[in-house]
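Got a structure for you, written out below as structure tokens; questions coming shortly.
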Amino acid sequence: MSEPLRFRVRILRKPEIADPEGATTARALRDLGYDVVEVRFGREILVELPPGDADEAEAAVHEMCERLLANPIIEDYDVERL
Amino acid sequence: MTEPLHRRLGMTDDEYRRVVELLGREPEAAELAMYSVMWSEHCSYKSSRPWLGRLPTEAPWVVLGPGENAGVVDIGDGWLVALRIESHNHPSFVEPYQGAATGVGGILRDIFTVGARPVALWDALRFGPLDEPRNRYLFSGVVRGIAGYGNAVGVPTLGGEVEFHDRFSKNPLVNVMALGLLQRDRLVTRAAAGAGNVAILLGAATGRDGIGGASILASASFDEASAEKRPSVQIGDPFEEKKLIEACLELYDRGLVVAIQDLGAAGISCAASECAAAGGMGMVVELDAVHLREPDMTPAEVLMSESQERMLAIVAPEDVDEVLAVADKWEIDARRIGVVTTDRDLVVRHRGEEVARIPAASLSEDAPAYRRPRRRPADLDEIQDDGPVLPDAVDVGEALRLLLDDPALASKAWIYEQYDHMLYLGTVVGPGNDGSLLRVEGTRKGLAVSTDGDALRCFLDPRRGAARIVHEAALNVAVTGARPLAVVDNLNFGNPEKPEVMWQFVETLEGLAAACEELGVPVVGGNVSFYNETDGVDIYPTPVVGMLGLCDPMPELPPRLDRARPGMAIWLVGPERGDDFAGSAFARVVLDHRRGRPRDVDGDVGRRAVSHAARLAHLAPVLHDCSAGGVAVALAEICILSGVGADVVADDWRLLFDEAPHRFLVVADPDLDLEVDDLPTRRLGTVGGDRLVFGDLGSLDLAEAATRWRAAIPRRVGSAR
Amino acid sequence: MRIAVALFPGTNCEHDVEYALGLLGADVEIVWHREGDLSDFAGVVLPGGFAHGDYLRTGAIARFSPIMDEVARLAKEGRPVLGICNGFQILCEADLLPGALIANRDLDFICKPVHVRVETTDSVLTRRAEVGMVLRIPLNSYEGNFVADEATLDALEARGRVVLRYCDPDGNVTDEANPNGSARNIAAIAGGVHGNVVGIMPHPERAVEEILGSADGRVLLESFLEAAEEAP
Amino acid sequence: MSEPLRFRVRILRKPEIADPEGATTARALRDLGYDVVEVRFGREILVELPPGDADEAEAAVHEMCERLLANPIIEDYDVERL
């Protein structure tokens, strides 16, 4: 129980919302000669919490996503314990 | 047997012996680390110092000259202007975005270190040709890095310049100039006074960024092996810097700072020793108090770390709490890390032990200086004698099409539209013209700035090339109505251990000095960047000057290139020779020729051109100096930006593309009396129509000219814009 | 009548807004984001810049500043609230305006004058303008690309809350005239119960004097001040 | 074999390289009352390639990372087939 708790938060643009980074990168990859169908950009946020109850910590990370880390209008998120 | 530590740190055996002599004993590891960086070329100017005295540095309006964090000049009405130029060449080659970004951050700290609010930036850039993917990557990365940092830190970038030559493919140049404004009584120094005063480290946490990095990197040539020596790349944090600026300015406002110094090369050791030495004092530094990003750093690493966005403030003991409160308000970290002492030693403690004790002044004042051998390059005569052979006839329209598509001559909008160039509502003439002009709030004054360099001409003749860029910069500020006031220079050169490079360097200084003297402008600061050499190939010798001019008062409506209207007359003021083609854009682009000997400047003519331009700026809607591409390109730029053609009387194509210095175009009402009697002046033609017509010599459709000129850079970098 | 200009760490246009509103006769005070009481102010401006470095998402962290509770209160009371550029982004993050602002279509920071067309005069930003009027105002953003789902966009249109659209110099709303990829060329929208909350991406305060290139932003800021004058 | 091939590329800044965005977000989370030790930011890029040989595709994605997607000087990456 004295290990720090680490979570990976993945945040992805909702499919119906434009993704200029993804589109531009796809174009650049095609320019380099790669045959890509689609590229989507997201972010990964690693959050480390002090040792403690893992479930509580996970609930806290979900709350952080709801409140700050993700914008529900344009993004979906998921949380994974590492 | 492994190499001794001093050699691994880039120090010669002689230099090591000098340290032993100074200390009277063998140095400890941390001490040796400090000397090695402080005595590196980057920090000590050991190859250039013996020559820099050649530059004129004095004038009644100079408040701080070279050697200080920034040059400072007095513009009257209680206002001072701080200016400074710096290179970040090697870091930008390693990682273009972060290299350029941290270059911007570093130079801004020099400006607010003297008490000024930084209000403007300029960038002077050199890359290899854009048809190479790697060069495109470096170019767009650098521009994005400058934008990313400058925009977010809240300092507008008002202009700059860019050139493309092979010689920069493996060694791009990124020079950034910054300008700040301050009230006279706000000037701050770095001289730590008063034993018992407290040294407070403000800003970012200290990590292993560029340990021995920027400075070692900038003090040795680049090759495969240096990839290993590569320090961890520094990441710029413009948000931290913005908070640091506001916090420091608030500290100055409240009079809480005795002295302050930014942390740059050699980090804490440099800042602490300079503050102490400048005040004739000593300092005890406690490394345990430093806020670390990585916990297990050695004392030498903490001392040498080049982590960005940090300042060292010297504060009276009774003011410490208030200083900490201001830092807290701006959400920056502040730690007491040292105390000023009277014994002139810099003492460093770590976990209760003394890890260094050295005379504070010895790090800078006792640094070695070398008068390195010089030799004129053996092949220079041959190069100079091989001037361009001019054809009898040229289709001017066709030549112009080629020139307008050259990225160095083309529109730079792709660059400067990525930069916030309007913040603070001061930009009266922005990028896209000659000099930029910013107004000084509450006065009728305007500050004009232009950065100029000319790598190819400086290679062909460093002395003449250098003199020409000073005159060009002066004319660039004069066409906004300004009188040249001060110069900062950035001297980018190859390996100084090569006698040919040292020769180029000294010739350049002679040219710069003579031109500054002719124009009566002091040099108030500069930067020398040597070892711009990769795999044995040196860059072109590339001095860059940043010229500050003062308009007082500013013209009601200062000239701009987009103010030509149908029916206006076009004049050319200044000498016409028709024979100045060595190093010209015409020779390079149209003839694919890069040799010959450029013509020299004429100091008297240059001075007259500058003063006429500054006067005419109050009368004419358009003034434009003729530089790369000569009269034809200068006129094309006016027409493209104004959206109207021109009809030019021309019978010799040479007069259209020749690049004789000291010339400018005036576009104004045909009745305007120019009153220029001591310079050749010729009516060239009239504004109107939708073509650029050069008599029987050729013509070009304005829309086509505009498209080529605007698309030249975006097309090459593959941008949608 | 006093106008508050909110200052977050990283904000940089506060002085420009202060200057421009001052030029138009307003009494302006810059208010630090941790200081909280705006009851004495007739309106508030969230200026441009990079609050909290634009880290995480632009506007995301700023929305939790104490001053934002006050901004929400003013909005609810019907007093004019104006977010310019970064301020627009903060208002969206704070749910005081619908939609979001993401990276520009071509991933370039864009600083240049653009043309916008006035779509409605029923907003605190355009009450003194005329529908169809074309204004030339500087844009200065990396994340200026307005996005929202179709239903939200339709609702904005239906309620007349699209305030400005990017257009060409003649007022045509075209793809080429859309600098950053914004949905339906939207450059400014209104929201709030009373439509008194406006977010605008270009910077009207950069267009208040001919010597700076344009005075077209005046009509917008004058509208805002007039609305503040009459506010409850 | 006619399914499109999808890969997740995760790009993280090397641990010794500063991460101001992570540090600022950590500060914001602490302001909101969460006890976080550290926050690190990374990017996630979803790349979809047309149906074909999975191993070749994976090799291509690695190459894309080297050439364009990651900056090896400051970032580490890893590729995962989805």
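List of remarks:
Letters A, B, C and D mark the chains in the order given here, with residues in each chain numbered from 1 onward.
Methods note: a contact is a pair of C-beta atoms (placed from the backbone, for glycine too) under 8 Å apart; a residue touches a chain by one contact, two chains touch by 3 or more.
Worth saying up front: this structure is predicted, and the values here are computed from it rather than measured.
Of the two interfaces, B-D and B-C, the higher number of touching C-beta pairs belongs to B-C. Computed from the mean C-alpha positions, the centre of subunit B lies at a distance of 36 Å from the centre of subunit C. As a whole-number value, the distance joining the C-alpha centres of subunit A and subunit B reads 40 Å.
Per-chain Cα centroids separate subunit A from subunit D by 10 Å. Within subunit D, residues 20, 24-25, 28, 32 each touch two or more of the remaining chains. Touching of two or more other chains is recorded for residues 237, 239-240, 331 of subunit B. Residue positions 52-53, 55-56, 61, 64, 105-106 of subunit C are each in touch with at least two other chains. The touch graph of these protein chains has some other shape, matching none of line, ring, star or complete. Residues 144, 147-148, 151-152, 154, 237-240, 242-243, 246, 329-331, 413, 416-425, 427-428, 439, 557, 719-721 of subunit B are the ones touching subunit C in the complex. Subunit D makes touch with subunit C in their complex at residues 20-21, 24-25, 28, 31-32.
If you check the complex, the residues on subunit A that touch subunit C are 16-18, 20-21, 24, 68-69, 71, 73-74.
If you check the complex, the residues on subunit A that touch subunit D are 4, 10, 12, 22, 25, 28-29, 32, 34-50, 60, 64, 67-69. By the touch criterion given at the top, residues 9-10, 12-13, 15-16, 19-20, 32, 49-50, 52-55, 105-106, 108-112, 138, 140, 142, 203, 205-206, 208-209, 211-212 of subunit C touch subunit B in their complex.
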